[in-house]
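Handing you this structure, nothing more for now.
First chain written, first letter: the chains are A, B, C and D, and each begins at residue 1.
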Amino acid sequence: MKALGYHGPGMKSWDEVPDPVIQHPTDVIVRMVATTICGTDLHILKGDTPEVVPGRILGHEGIGEITEVGSGVTQLQVGDRVILSCISACGVCGNCRQGLYSHCLNPEGAAGIGWIFGHLIDGTQAEYVRVPFAENSVYKVPEGVSDAEGILVSDVLPTGFEIGVQYGKVQPGDVVAVVGAGPVGLSAVMTSQLYGPSRVIAVDLDDARLARAREFGATNTVNSGQADWAQRVLALTDGDGVDVAIEAVGTPGTFTMAVNLVRPGGHVANIGVHGKPVELALNDLWIRNIDIAMGLVNTNTTSMLLKLVAQHRLPVDKFVTHEFSFDQIEEAYEVFGNAAEHDALKVLIH
Amino acid sequence: MKALGYHGPGMKSWDEVPDPVIQHPTDVIVRMVATTICGTDLHILKGDTPEVVPGRILGHEGIGEITEVGSGVTQLQVGDRVILSCISACGVCGNCRQGLYSHCLNPEGAAGIGWIFGHLIDGTQAEYVRVPFAENSVYKVPEGVSDAEGILVSDVLPTGFEIGVQYGKVQPGDVVAVVGAGPVGLSAVMTSQLYGPSRVIAVDLDDARLARAREFGATNTVNSGQADWAQRVLALTDGDGVDVAIEAVGTPGTFTMAVNLVRPGGHVANIGVHGKPVELALNDLWIRNIDIAMGLVNTNTTSMLLKLVAQHRLPVDKFVTHEFSFDQIEEAYEVFGNAAEHDALKVLIH
Amino acid sequence: MKALGYHGPGMKSWDEVPDPVIQHPTDVIVRMVATTICGTDLHILKGDTPEVVPGRILGHEGIGEITEVGSGVTQLQVGDRVILSCISACGVCGNCRQGLYSHCLNPEGAAGIGWIFGHLIDGTQAEYVRVPFAENSVYKVPEGVSDAEGILVSDVLPTGFEIGVQYGKVQPGDVVAVVGAGPVGLSAVMTSQLYGPSRVIAVDLDDARLARAREFGATNTVNSGQADWAQRVLALTDGDGVDVAIEAVGTPGTFTMAVNLVRPGGHVANIGVHGKPVELALNDLWIRNIDIAMGLVNTNTTSMLLKLVAQHRLPVDKFVTHEFSFDQIEEAYEVFGNAAEHDALKVLIH
Amino acid sequence: MKALGYHGPGMKSWDEVPDPVIQHPTDVIVRMVATTICGTDLHILKGDTPEVVPGRILGHEGIGEITEVGSGVTQLQVGDRVILSCISACGVCGNCRQGLYSHCLNPEGAAGIGWIFGHLIDGTQAEYVRVPFAENSVYKVPEGVSDAEGILVSDVLPTGFEIGVQYGKVQPGDVVAVVGAGPVGLSAVMTSQLYGPSRVIAVDLDDARLARAREFGATNTVNSGQADWAQRVLALTDGDGVDVAIEAVGTPGTFTMAVNLVRPGGHVANIGVHGKPVELALNDLWIRNIDIAMGLVNTNTTSMLLKLVAQHRLPVDKFVTHEFSFDQIEEAYEVFGNAAEHDALKVLIH
């Protein structure tokens, strides 16, 4: 089969490689119908993720059709059209039993992490994929859900919702600020609506992204290039700060922006993938009764979000801006890697 | 009357000052029976808290007897023996209505903070005190509760419980580490028992304090001066870290110790009063599904804790190690300010 | 002044009575601008509420202007336009400190209940009202909120939201059934949207009310006069039952309907005012992992709901179907008491 | 092998039957080392549970050693000493993914229930047992845990804790009443300590059981045969009722006792297995802001409780009062079925 191999920092190619085979009774093999690229894939290509070894097939999102099932699989069948979750969960370990699937003590790859596709085992930017712990790691695609909709459920939608909105404890009536209007920030903008906020304020440097944020449900937008951007956000609150600030970029500067926006008693949720430590002004903050949450998606809400997608209650079709065939995957990387220039959000490879 | 006045960094004295008078219908006047000193008072004396102006009477803890009530006070009477809470709450503003008494939008002193005694208005290290919003800010002393027990309820006990144990989300079966075995750390050690932890591990540099922690209910202690202190703590868990790490010192080093001890899915609660920013290794932590909480006590649990104290279900009598009369208050400061040397915990001035 | 006096079962009249006066420092006097009638008023008139004594002025909802303030009132002023809450809360007692305002241990009237207007003290169907504990019991009307909108915040909106939606623990993606599409049921239909349900199913015997439920946000409606009504509801779920069933009528039959609709692991919330005991089939239910909640509104969410009303994010203007002047109040009772005949929902008297 | 077969109402015998065999890749076979009898087994023998067909092997609690593993089992091995949970959970279905293991949509036996041993498939009162979904349904016995301790973890301990204490929302400082001091009631008495209550009051008709309740941690006991029993319970509260009332009998009378004891804002948790409907006085209760929860144990806390048992922090060794060999199992039923006469609590068959 063909697959996108990682060959060290800056190097990748669409290679001919052996087809995957069932290794454990709980595996299935999936023929990929659609995949996409995540910002994390770009980090890996920069060499930021040393546990990804050369030769690894990239990608952790996708939709496909089951072509083979292991002997221990009873609730999935050949021919099922399924969404592959970015998190592979054994369903049995202490962390899985607590719903902490993100830290599945998964015997595949390194211990202690549920994200293994395109990381610790071969991923989804390929014609075929072996899916371990399949019954706990794939979701049947409901009727009427397109590839462009379903693929959001692999990662982007639950990540924005669980790590941004739920870890941020959004409640009815809240004023929510989302710093960063890329795919995951827009997912937080969209899914925060599920908790009835009074205002959702998108903050970004790029006016085109802010315009898009309004399409995704932001009630207000503020360009953080303006000197008085923080006052503009505070003017949309009762003056003490937002109830919830969601960081969706991954830099020290944007993290500090989020922390400084939140009112006493409020919540900060960090979704951004950070490459550097940040400074936390505990000398000012210790007295402010805030909390700061962070993490990898648990996919506890994937089924629920998929149900809402199937009912067309979340306009997820707005995410895919560009489409490619599998053999155009390197072009897809080019577009996604220069998203601002191409006004790209998510690219669909199918 | 006599009271302890602050006269600029490093300067205080037991002065003759005018008696306080009722200023608002919701005030009461209390004749102090007992007071104590908090680590925060030492910070103020160093000049770290510039909003405390020279001339201010210090102190925010105490027990006394009501000698006069304002015209709007209906549920308290002259002669009532009451504990003064460190937090003064109007009971009416938006924050109070949400139970966020720590950020009462209190018309006395600066807006937005419920801690005003010995800070924004005159405090409790005095023979008489004016107590604003008295019905929401004092607690009648139940029968059988001594001064040495009741005074813990002003601040130390609810602070350790609410900001350490509750913000740390301690649950039955948890392994809890408390970094710092001073009064507030010991309060967290003691009150974490109210949520049925499997282990409470006290961590400190001072073996005398660790011995005391075991008296307060720590199941294990680790001296953090040992090179392998962290491994010793992890050996008491299933290997992935503690469920809850409580910081009760207030330095960058101890904060980082707490953050590094916690398992994926765990919780960090900061009680320490910090004078400097800290570095937060978000590059490692973004993926670990932890949260970090901090704040000033809300006193939501003060009544409940006082009930348990009255039933002698919390051995709070262990806190007071030294006693002084009011005119020995400067000596009390000397002992409390050099606590290690005197093996002092809380001093009772009465 | 003029006011609507209760004179024993079935008897009421628009009487000339003495003006109310300030009795306690925390009272204010309000000149009523608008009031309305609640189903509970009809119960009282039937004689179902024996603690309402003849001579009592009826009504517990309203909007007015403050004409006098007690000496202990600092945060309200003469001239303030305010909404009167159906719950009067002292803000100080043990229950108020826990946010259980519905059971304020209020020194006015009988102990242990926060609903006192038109019940234990004179109510709001009058030209002037004395409001006890005013700072905790009235809400300033934000700009742009009409009488017809603001009056919903006195009782109907928070009751549907707190006792129906929040006690029912509605979560994103849930299927919610509301049994009974009167004013409070419609409030639950409308406010359940604040938690992102996948479906809200209104169930009633009256097709006109069901049509209205669709205007208020019901995604589906089922007429319970049909033999297969329950199957029709279950067909809108995954087959196991609804996640949340809200009872908004107050009869044994509708309560049993709600209980039988709920899936294992689901929630029943009772808002209805019941006149008789109900039979609970614990022999079937003990194994089903459900809970059943009930109660009087706490008004913890009144400020939040009022904020959403002011932002026009909740279409509360749909509630008032008929308007009357104060001297037409008996006609208003006639219309509201025969709501189906007049297709009436809420009547505004102003 | 030998096993206890059910042969219709009132009939059971210790029969020679075929050994169980692996049927699915996720099964294991266990050689039983110890089992016990539950009140539910007595109900089945009365014929109250018609889905139990003649020929069924009884029992849903036990400890044993794995003698064979299915091909899909990777995390258990032959020779492992394990506790069998009363709930068999597939770990994959929608209910399991939400932690609602009690309603596992288990393909074995009838849909929608996780309790299948001795109910829908053959149970644990046998020399060998086939355990479906073994990785999610058994727990390795930690070192130092005896059979008499470990067997409590199959059912009694998590049922009392999850359905009584957690569904009753016990919080630090609460006054808790437990109506019924049989094994599950005593489990609730013991495990409520994990949430720091101020008082745990056991209520029963039998003074011997009340004496035992005090050994299990009840701070107070009240014999409900006394005319003033309810006043005696209320005298241990602040007068308004208990915070949490736990029903652990299963009759209309005891359920009503529990409901009537609870204060406004409090919680009722029903653990009892009921054979008849109960009357619920909604006419009085609708206004009292209580909730009533009920259900089958989910075993979400089994691992945590087992950890506390292994640390000897829960004195579970007090439960087993009588011991028998497997071939004395009918005698064991005789003693357990007449528990009061024999002063029996749990019987250990090993």
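Just a few scattered comments:
The rule is simple: a residue touches a chain if its C-beta (ideal position, glycine included) is under 8 Å from a C-beta of that chain, and two chains touch if they have at least 3 such contacts.
Note that the structure is predicted; figures quoted are calculated from it, not measured.
Hopping across touching chains, the smallest step count from subunit A to subunit C is 1.
Counting C-beta pairs in contact across C-D and across B-C gives the higher total for C-D. Averaging Cα coordinates per chain places subunit B and subunit C 41 Å apart. Residue positions 94 of subunit D each touch two or more of the other chains.
Taken together, the subunit B residues at the contact with subunit C in this complex read 24-26, 70-72, 74-75, 90-94, 96-97, 99, 107, 135-136, 300, 303. Against subunit A, in their complex, subunit B makes its touches with residues 94-95, 98, 100, 102-103, 112-113, 167, 238, 240, 250, 255, 264-265, 270, 272-283, 285-296, 298. By the touch criterion stated above, subunit A contacts subunit C in their complex at residues 172-173, 193-196, 198-199, 301, 304-305, 307-308, 311, 313.
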